[in-house]
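First chain A sits with chain B, and in the next complex the same chain sits with chain C.
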Partner chain A sequence: MKLSHFTWRIVGLIVLLGFTAFFFVPVIWVLLATTKTDVQLTSSGPFSLGTLSHFVHAWKALFGFQSDAMVGWLENSAIYSFGGVAIAIIAAIPAGYGLALTQFIGRRTLLAITLVTMIMPATALVLPLFLEMNSVNLTDTPWAVILPFSFFPFGVYLCYIFFSSTIPKDLLSAARVDGCNEWGVFRYVALPLARPVVALVAFFAFVADWNNYYLPFVMIASNSKLPVQVGLEYLISSTEAFNPGNPGTGAQLVQRPELALAILVAIAPVAIVFMFAQRTLVKGMLAGATKE
Partner chain B sequence: MTVPPVAAIPGERSRARRGGRSEDGAPIGSSRLSGYVFVSLYVVLLALFGIAPTAYAIYLSLTKVGGGIAWGSNFTRAFQDFRFLPAFEHVAEYLAIWLIAEATLILVLALMLHSLARRTSAAFRFLFYMPGALAGAASVLVWLFMLDPTLSPWHFLLSILGYAQIDLVLQPSHLPLIFAIMAFWTGAGGWIVVMYGALNNIPDELLEAAKLDGANAFQSALRIKLPLIKKWVVYMLILSFAGGTQLFVEPQLVGQATAGLVSNTWSPNQLAYYIAFINDNFNEAAAISVTLLVLGLVGATLLVWRTKLFEIN
Partner chain C sequence: MNIYRSSGGGNRRTRWHRRTLAVAACASLVSLSIVSAGIGATGASAAKKPTITIWYDTARKSMVQAYIKAHPKVHVVAVLKDGDSNGDGTYQSAFALDNRVGHGWPDIYFSEQNNDAASLAQAPFNDAAVLNKGLISKSTLAKFAHGSAALCTIGGKVYCLRNDLAMNVLWYNPTLMAQDGITSVPTTWQQWATDGALAAAKGDIIGTQGDSWDADTYYWGNECPLSQETSPGTLLINPASTNCTAMASLLDGVSRTALPVAYMFSSTFGQQYGGKIVFYPGASWMGGVFPGLGSCTSANPDCKMAAGYPLTFSSSGPAVTGAIGGGLWFVSSHSKNLKLAASAVVWLDTSLTSQNLSPGFPAYGPDDAPWVATQDASGSYATPLSGQPTLSQAFNKAANEIWSGWSAVPYANDQIWASDVVPSLATGGTQAAGLGIFASDAANLARSDGFQVHS
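Up next is the complex of A and B:
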């Protein structure tokens, strides 16, 4: 009995280490790849470390690609994501509050629609959205991406849960007794308490917007207005190793270490948010789940 | 690609109920009016970017290119397109693999982590969770490297399987599995965190009682823990199903990197894009979009009304 327990522990440990390798070896490989030359990627071992000078070379080549295209893509991603996140929050906080703590006709319907739209993936709406934007001449402008981003029902649901579970009713009543009107109750009582949920909504909206590929892929035509996720596709099509017979359009060629670096640069903002926000996030995610 | 897994705030139901609404001295009339003001901006966004495009897609799918009612002809034409069935088959295969992997591996991992010491399990959860930062195009690129036998850290595995070149790895019949691996790599960690949270929510007394009654670790996992987190598993599977039908970036980028090895109408969304922009037929494309919307809607409706996971009172 004891032995079998011990054996199971070992099996469990091996499984866990196996999955750790599955999840983390790719990350380590990409980090190492940026320090090597394209030839070294295939000639030296996958876990060998290259040199700093190769990293610097890859950096310069990546950022020099088509006169700073990468910088422009990153800026576009930032504009689209921050724009979308900002409007999403401005809309979601009062909406979540209204759904949780006020009463009006249609409240339950609105909540139900919010839940359904939150669960349904937005991808199937991208083509009609394109026509909609096209009819008001907004395609190939930042608004074509920012405005659809700003509709974020999941954020509204998070705010709704937050307000209905954390703001004591007595507090609101007290404020009303003290002469606050409905707006004052929201502005001076609820809003100052909502800071954690603002961070939570901002995180999920930011990650979803930054990583979104299909919407900007459809909406944006000009190379200079692409976000970095779509820019990555452009880099692939210019990578010599992936297109040996057809080296792009005679444009500059990209080597694989530069592509690896491009991955890291493209996801850096999201990775940083993941790392620094992890504690608050997990706390927020499991707000209702952790034992009290 | 899908909604982030955190709507799964296990245990929120009971808490949300406590909150409730304002029968608390607020004059009903003013509360009602202010309610509308609070939700107004969101309702405008919902109307413009949620409801309007849905209505427009339905309208387009039922009309002809030049105008006039088409009834079901856009749908029949789309369904009869020689690329339509394969595209849905590809996605069905991908979903089968991905959903089975979710229902088994994610649960096993969450149960295993739940049996570890808090700090050790936190470290593992973090390691599993981090690749989530590489969702989207980045994960496709990473796996293009991982699946290239000439430079992959997994080349020993690939060579055991007999693949010496990336073309052999990226055979069409392998693609559903490969996309499922990508989805698992970026998505599993987040779900493991959610399942772990749900497991944490199980009262200690219950597990203690089971132990006293002689249940071993396996029995308590199978008979007590799993039934208690079942609704979150259903939640995860339905969300993944709805999201998985929308596959686009993965086949798109792999196609780009393999110079045409992957069809550019591999998934239904790619096919819709192709028909809209290359064939210039938005009405037929809308028929595919509506089909995808209906699939998503069925999943969403099942989830909201059948599992009673969400608080709408």
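Up next is the complex of A and C:
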């Protein structure tokens, strides 16, 4: 028996709804968890709504934890991420342009190295990086996080793809005929056209930097310099439910609702950046997909 | 010639480009200036004082603050850590790096991980300093509860000080006992198991099996040799010992209604068992936890528990108990000011000012009475039944009955139990079978850590 087009659409819709529920249920649970007390979280229905006052309590408890540590963690994350993104863009855009549109000895080798480092797990490089940073006395300084963050081979590769597939070589040749030197060609022709890929590289670099846990965990020793991802681990270990063998953690005012709120606060910057950059990101991702 | 300046679109792009460059430059400058200024820079006056670095966990914050207040002539760099909790190896990772680069160690640190002495005192970390060879006086060490140094002692050398004890007592709920027809608080494991039938008839429970700390409660509490270092580098793991098999047999004889496979801090435990716990053999810190479970509230007197003496296996059995948790203070052997570091640890671990801020029962004997008085006044505990010990009596007796034959090892016994035995119990396996699983896995880990294992 052959299923009708309508039946296939219904099946497709059910599958899509199933996947939507699968991915959204945990998010909704986390959102609702912030409105409950710890006891309600374990005794009431998983999707029951608490009260605004519980949310306010969780907010105060979270931001009061260890003398406003959360604010400091967020500030540090912002410094590391924006610092890393700024240098990554400054390095990746010209590098991708050079690899895509210029000829020089070792170009292919450099491209191959970029690809290899791109697929290498970032955590594998953390220990050599630690030793390197230590040799120049930069451990436990923000530079120990920002400089490795600024090394972003994926961004170089994205730029390489963009420049090699989107910018017509004839356009660059025309600029040279009109008197532009190589810097001028890059500065006045290629770079203005690269806006979508700049946004794309910035977004991916920001997400990678903001969510990085292991590098700052190894590089940073001082509390005052910790980013939010490492701070979250301290919150978890300070929550009685996750560290029951440690009497007294419950008295520290951080319970599961505060932890759920901390997760939302920690991902909020990425969500905000994504919302504002969405249109540009789509443009960047589609750049070079078609030729007209 | 500038090909973009000839068109309106080009002007917009140029303006965008300039704005982008300006924003990027500003962002870089701001971040660089902040970086250069140094986040959390310390004042110049700090350099003139002797300095010690303290790694502490959340629950020890107030104690460290008290130390700073009481020692204005010492510059303290207080660093919040996770306390090496749940066997995550934070300290081991940090010391491996510090040893490699030759700096970065703290002077003193607090660990929630009871087996940390076994790893941090030995290669490749070699960080914990020996405390009983001149750093801390013997008279001070003698005032700690009997057996409290067992987890800190390796080959006669004491590598840490217990901050608080988490000795097991028998928690009982007087209201539920009356409702279930249980007339007296059990003193032996056999009586406790018999009472399980009465509790089960009313849907109540007398404990759990399925927590990572099962072995600490039932087997450590009956001198079962599952983690006994008989001589340096030699470990006795003997699940066939009568002390182990008798306890396993007793536990297997209790119905699963009375002794369910359940984890106290799971999301469903409170809903399922809150207000139904008539007995619970467990750590001293648990007394304050029961009232907050699920359907219990802190205002509900029916959920409050009183502490009884630890159970013995029979009326003539060994008067011992186990422990779940508790914390340790270490002095780093890499400290450049060992005397100051040792004195700081002694102050944190023995002064009443500090210990009154400790959430756990102080291991240092002279601080016990005032600490218990504070707990008693908190209203978190039920009034003991007639003829039963006070909180102070129960805690003090239990504190001195912790069996010293349960040695610290570099691997985490709790994790073996949680990952390998609990799944077996949850699928209908017996405690007797669980003992075999635990012993086999522990022996493998012990051998990989260089122990000679015998049974």
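Please note the rule applied: the second predicted complex is superposed on the first by the 252 of 292 C-alpha atoms of A that agree within 3 Å, B and C clash if a C-alpha of one lies under 4 Å from a C-alpha of the other, contacts with A are read in each partner's own complex, and residues count from 1 in each chain.
Everything below uses one rule, namely that a residue touches a chain if its C-beta (ideal position, glycine included) is under 8 Å from a C-beta of that chain, and two chains touch if they have at least 3 such contacts.
Remember, predicted model here, so these are calculated numbers, not experimental data.
A.B. asks: Mind checking the superposed model to see whether chain B and chain C fit together on chain A or clash?
C.D. replies: They clash.
A.B. asks: What is the contact status of A:Val218 with respect to chain B (first) and chain C (second): first, second, both, or neither?
C.D. replies: A:Val218 contacts both chain B and chain C.
A.B. asks: Regarding the shared-chain residue A:Met70, is it in contact with chain B (first), chain C (second), both, or neither?
C.D. replies: Neither partner.
A.B. asks: Touch test for A:Leu62: chain B only (first), chain C only (second), both, or neither?
C.D. replies: It touches nothing on chain B or chain C.
A.B. asks: Hey, is it chain B or chain C that touches more of chain A?
C.D. replies: On the superposition, B touches more of the residues of chain A.
A.B. asks: Quick one: classify A:Leu110 as touching chain B (first), chain C (second), both or neither.
C.D. replies: First partner only.
A.B. asks: Go through the superposed model and pick first if A:Tyr97 touches only chain B, second if only chain C, both, or neither.
C.D. replies: A:Tyr97 sits against chain B, while chain C stays out of touch.
A.B. asks: Contact-wise, after the overlay, does A:Ala260 reach chain B, chain C, both or neither (first, second, both, neither)?
C.D. replies: first
A.B. asks: Once the shared chain is lined up, is A:Pro142 touching chain B (first), chain C (second), both, or neither of them?
C.D. replies: second
A.B. asks: Taking the superposition on A as described, I'd like to know which of chain B and chain C A:Glu233 touches: first, second, both or neither.
C.D. replies: After superposition on chain A, A:Glu233 lies in contact with both partners, chain B and chain C.
A.B. asks: Determine, under the contact definition given at the top, whether A:Phe242 touches first (chain B), second (chain C), both, or neither.
C.D. replies: In the superposed model, A:Phe242 contacts both chain B and chain C.
A.B. asks: What part of chain A is shared between its chain B contacts and its chain C contacts?
C.D. replies: 41-42, 87, 90, 127, 130-131, 218, 233, 236-237, 242-243, 245-246
A.B. asks: Spell out the residues on chain C that touch chain A in their complex, using ranges where they run on.
C.D. replies: 1-4, 10, 13-14, 16-17, 20, 24, 27-28, 31-32, 34-35, 38-40, 57-59, 61, 77-83, 85-86, 93-94, 97, 100-101, 104, 112, 164, 166, 213, 264-265, 267-271, 274, 283-285, 288-289, 292-295, 297, 324-325, 327, 358-360, 414
A.B. asks: Write out the stretch or stretches of chain A touching chain B in their complex.
C.D. replies: On the chain A side, the touching residues are 12, 15-16, 19-20, 22-30, 33, 41-42, 46-47, 87, 90-92, 94-95, 97-105, 107-108, 110-121, 123-125, 127-132, 147-148, 150-151, 153-154, 156-158, 161, 163-167, 169-170, 172-173, 176-177, 181-183, 186, 204, 207-208, 211-214, 217-218, 229-230, 232-233, 236-237, 239, 242-243, 245-246, 256, 259-260, 262-263, 266-267, 270-271, 273-275, 278, 282, 284-291.
A.B. asks: Quick one: which bits of chain B touch chain A in the complex? Just the residue numbers, please.
C.D. replies: Touching chain A from chain B are residues 1-4, 6-7, 9-16, 18-22, 24-26, 28, 30-39, 41-43, 45-46, 48-50, 52-54, 56-57, 60, 105, 108-109, 112-113, 124, 126-138, 141-146, 150-155, 185, 188-189, 193-194, 197-198, 200-201, 203-204, 238-239, 242-243, 245-246, 248-249, 252-253, 256-259, 269, 272-273, 276, 282, 285-286, 289-290, 292-293, 296-297, 299-301, 303-304, 310-313.
A.B. asks: Which part of chain A faces chain C closely enough to touch in the complex?
C.D. replies: 38-39, 41-43, 66, 69, 76, 79, 82-83, 86-87, 89-90, 127, 130-131, 134, 139-143, 146, 174-175, 178-180, 188-189, 191-193, 195, 198, 218, 221-225, 233-234, 236-238, 240-252, 254
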